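Following are the structures in question.
You will see chain A twice below: alongside chain B first, and alongside chain C after that.
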Partner chain A sequence: MAVETPLRQIRHAAGTGAGQASRLKAAFTRWRVPLCVVALCLLPWILPSKALAVNVLIYGIYAVGYNLLFGYTGLLSFGHAAFFGAGAYVTGIAIAHFGLPWYAAVATGILVAGLLALVIGALSIRTRGIYFSMVTLALSQLVYYTALQASSWTGGENGLRGFTVGRLDLAGLSVDFLDPVNKYYVIMLFAAAALWFVSRILNSPFGAVIEAIRENEVRARACGYDVERTKLIAFVLSGLICGLAGTLSALHLAIVPLDTLHYNTSGLVVMMTLLGGAGSFFGPFVGALVFLLVEDVASLWTSHWQIIVGSMFILCVLFLPKGIWGTFIAWRTGR
Partner chain B sequence: MDVELIAMQLVAGVALGAILIMVALGLTIVFGMLGIVNFAHGALFMVGAYAGLWVASLTGSFWWALIVAPIAIGLFGVIIERVLIRPLYKRSPDDPLLLTFGLGYVLVEAVRIIFGSDGIPFSTPQALQGVVDLGIGFFPIYRLFVVAVVAVVLLALWLGLEKTRFGLIVRAGARDPLIMRVLGVDIGRLWLLVFGLGVGLTALGGVLSAPMRNVNPEMGSLVLAEAFVVTVIGGLGSLLGAVVAGLLVGIAVSLTALIAPEMATIVMFALMALVLLIRPQGLFGKTGGGA
Partner chain C sequence: MSEVKDGLFKTTSRRAVIAGIGAGTGLIAMPWVARAQGETIRIGFPTPLTGAFAAEARDQVKSAELAVKLINDKGGVAGRKVELLVRDDKLNAGEAATRTLELIEKDKVHAIVGALSSAVQLAVNEVTRARGVIYVSISQSDTINEVKDFSRFTFHEALNPHMTTAAVAKHTFKPGSKVAYLVADYAYGHEMLRGFKRAQAAIGAQSVGEILHPFGAADYSTFMPRLRSMRPDILCICNFGRDQANAIKQAVDFGMKQQMKIVVPVLLHNQRLAIGPDAFEGVVGGANYYWGLERTIASAKSFNDAFRAANGGAVPTDYGAYGFTGVYSLLLAMQAAGGTETDKVAKALEGLKYDIAKGPQSYRACDHQSVQSVLVLESKKKTDMKSDMDLFNVLVEEAGSEAALRSCAELGFPA
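For the complex of A and B:
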């Protein structure tokens, strides 16, 4: 995390007008993963239920992975359910059909999600802008229908069942996974790893290049960067992290509903990321937290909570384009 | 294989393609003019079908539904443009896309509250029931009717865009809105009308498809993905592309259903992947690939 790219150093040096404040900001950036993990440790004791806290973790990882592509590379994908779903389905299939141990199933799930991201990414980054969004959505629908058709493997419309994970055994260690608190902290370890990984990427030279592409693709190309390849790598990295989220959701629920691959699941992550603030490190997690909390509260008094969440999203696009966390940062830094 | 069977599937494919053309046209016109992709387009298709259902049950006539519902939903589209989309023109092109996505969510849920989550059957109007013998096989009258209606709408649209003063302004506005504004055209009102037209077209598609499929709140999400496939294959913003790709997809799906039914929904996406590999900008798209 301590690796500072030249670009960032220049940016920091340029901002020394504020002196103290920018040094504070740099420290904040350096310690952002530990800070986030501390916050996550407290989460299950603040939220109304442990199950909700686990969901926040899973969708938080999903949104963090998505934000790498949307917020930092500037590519608005509407097909990330494909990677989330691939992670979930492959993990479930590996356990239910092949009897793989949980860690091998998790690894396979992430790997297959990454491979799928490679294929879908290679096809879709040939297009630009709005076209890109449409192509990613259409290709993820292809994955959806494939899962629907291959019902002997995936359970079709009924979803994948029959793979309850009760205990997690690894290197002599054994954890009762059915206990909600245990479950939360195990998944939190994965979340911490994902956050560290993303933070690492963003602080690397590669992170500077993807942001350069987001800001001005033509200029990035003129600077000599291989824009297509960089976009594809960002797409695959994003797919890997979203695959991890899907994998964890399969372990958590012990079923994989077909809805996991539905394009609403793609839209969900777009909404969460935007709600929290695209292109900010904590934004997606904040977005996932707020979204799920609103869903949780709203579903108590109406089964049509989607109308509330959808309206909230519309208002957010209209009046809070930087999202909750993004607006907070802008207000803090006086921009 | 039986020639008669193939001919029948071909007509079914053209009818399916005709519905896809209606939806894709609305999508592509709005994109060509306003530069935004309407993610609520599928939901508005579904709302159109429900509006048709409601009008039909009120008046007892399919014909009223066919005329009143698309106009009413088109007007609803005008309100959406005025209230929700207009504030976003100056912002990133992603913003209207995201807003309309949220709107789709709200519309689907609103319909669920009013009409319930279950599908509602919509019977084919009496005059259009049954089949007709065309010499090469028996064809459902309703499907032929759908093809005829879409053909008439296409002709009217083409005449309207090519032969009228309004069409001239629309085409010029798509090329260069700034110049049109300088020339004294109220471009805001033009966009309002175009958005309403796009929404009206998809609503008409919804009403037309109602007797062929069950009417249910989920029908829009499937159609949206299909419309995307059609516009991507045809080229975003191209009217001719929407027509050709709509027919192509409809026929491909229908013929695949004959040979390998389980591949029917998948074939259109495979077709799109193929087109993307060869021509990323679509068959009739301008080079550069859309936005």
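For the complex of A and C:
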């Protein structure tokens, strides 16, 4: 299942005498973050609108963070909207109610999402399979209803408003954040950082351990790895990155709708990850791109766009079980 | 892990992928090619074409398109043609914000009209306000009138819950009436409930209980015995769209109507059509528009006639009419301003006196709420209906006045 992990690739290269395909693959892996960033630089000029491109970045980060847990550690969480939403709400509240500067609000948003992931993770990682999914779903629903009830803080059903960030000021620099191109490239810097961070994790021994847990938990335990702690760390790292996506979403839209915490938002990231390819590095980004693009274009044509999006998803699940990017990588590298 | 595939299958799928990418790129490039360069005035129109309010949204689009067509037939605004860009906001605030950003940044619209749910319109308002774009909101909300969400460029063409509930309560509640409430548990329901309770206190009626139901609930059977045990004279059902139709139908199935009067804040044309006359018979509610106004109001007659001509004899609906009055009043203001310059258009809207569908209307200076009449309607008995479209009796036409609105000071505006 693993498509482009360094350990496997080295093993593979040694085993087959380093064919051309493996060398290509090695180059792909080594340069994956710069390659992704180059692709992202071009994105706003290819997509129909800058607002859509920014959404692709945000949901791409969300899916990349989710993939760390789902694709690489093998844990199907159904509550990641809680971290996305926590990031978004905390950022909004920090600016609207406490008047924090934007960078402090972003940091607070990520931090709180990480703390929330620590709590939810600690409560859920000891369960397995469907039980794990259900526990994460239930705990994220708690977060949803908390936000609904605390309407003086969160705006309740009407959503959180009143924290529009027009300019980003940092260390003497000032950027007009209402300009769509500036907004895209600022958010892209965060996306690049998130991609680098995930790539670094996956290339570390820790990355090899989470994959070992995904492949065979009993064996990983027998090898002496602390499975519970590793899972918890993966959960928290995933929560931090999804929290980052949430804070960026708050900055981008200047509102936090209650839907952000809805379980549909949790389901959305599962679909995007599957569509792009779970367990591949750039797959989730591709999944987010394809999903949002098809939805955007199809809903311009017809109010029955859901049929188009639904059929596309069914076709991908039927014919591309590794996802769009996963299948592409497997085909390019001949695996 | 590696699967054995025969060559044919592999080539086809490869070709399919390339063809797909090609088609996709062409498709993406299309909007740029199609973008008009001329002097066209573009109005963005986000509305929930999919979701629970889709029927109302479709009527809004028809009416908004009619307004654009009528103006274009007269030669446009200051010699420029008008174009309506309809977008599906999917009844989702985040989607609506994205769509509004697209409309402003990519399509370079000159103004936005639309949104049907209050959370969605507040999201649209946040985006337009930060960018100084004119927004005419056509969904009921009290929040948007308050100073916190106010923008110099935002105008609220729809009624607000305060106006609606005050008019309905005035003609249905009596001193000493006992009222039970069934309320949809989201912003719209809460605002309507707040409005009714305020009116109830002024009239001297009393509340005997309230039940909140989840938004989009299909089954109300568990609520009915509880409501009946409260022994109210009036059952007030504060929800919208399909929820309203389901709730009223089930209340009637439970025989509630024999013991109490059913009152709703907004009596919806489409839902009455969907459920039929028997369940709705005698239900009283408020409305911004009813096509039957044509008997007494000349502008309603000409709006209906134009609508019938454009839509194969169909009549406009209440929420549909918002699409017409919202777009038309904006275009009138642009005409008065001689173009699309935001400050001038906003000034022109502030000073606008218009009568385009339902009698005189104008925007109040402090909060930009449209001062207009509120209708109180009663659903007709089947035997009293003269045609399929003859749905309601107009009980009262409460004339528009600033006294019916919350005061500017109460909304937080400086005196």
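Just a few scattered comments:
As a convention for this text, the second predicted complex is superposed on the first by the 310 of 335 C-alpha atoms of A that agree within 3 Å, B and C clash if a C-alpha of one lies under 4 Å from a C-alpha of the other, contacts with A are read in each partner's own complex, and residues count from 1 in each chain.
Throughout what follows, a residue touches a chain if its C-beta (ideal position, glycine included) is under 8 Å from a C-beta of that chain, and two chains touch if they have at least 3 such contacts.
Computed from a predicted structure; not experimentally measured.
Placing chain B and chain C on a common chain A by superposition gives a clash between them.
In the superposition on chain A, contact is made by A:Q306 with both chain B and chain C. In the superposed pair of complexes, A:L76 makes contact with chain B only, with no contact to chain C.
Judged by the touch definition given at the top, the superposed model places A:A254 against chain C, while chain B stays out of reach. In the overlay built on the shared chain, the residue A:V135 is in contact with chain B alone; chain C does not reach it.
Contacts of A:L178 after superposition: chain C is touched, whereas chain B is not reached.
In the superposition on chain A, contact is made by A:T164 with chain C only, not with chain B. Judged by the touch definition given at the top, the superposed model places A:K50 against chain C, while chain B stays out of reach. Touched by chain B in one complex and by chain C in the other are residues 306 of chain A. By the touch criterion stated above, chain A contacts chain C in their complex at residues 1, 46-52, 55, 156-159, 161-162, 164, 166, 178, 180, 249, 253-255, 257-260, 293, 297, 299-300, 303, 305-306, 319, 328, 330-331, 334-335.
The residues of chain B lying in touch with chain A in their complex are 31, 36-37, 84, 87-88, 91, 93-95, 97-99, 101-106, 108-110, 112-113, 221, 225, 228-229, 231-232, 236, 262-263, 265-266, 269-270, 272-273, 276-277, 280-281, 288-291. Put simply, chain C touches chain A in their complex at residues 1-2, 13-14, 17, 24-25, 27-28, 31, 49-50, 54, 87-88, 90, 92-94, 97-98, 101-102, 105-106, 118-119, 122-123, 126-127, 129-131, 143, 148-149, 186-187, 190. Per the touch definition, chain A reaches chain B in the complex via residues 76, 123-124, 126-131, 133-135, 137-139, 141-142, 145-146, 149, 262-264, 267, 270-271, 274, 304, 306-307, 309-311, 313-314, 317-318, 321.
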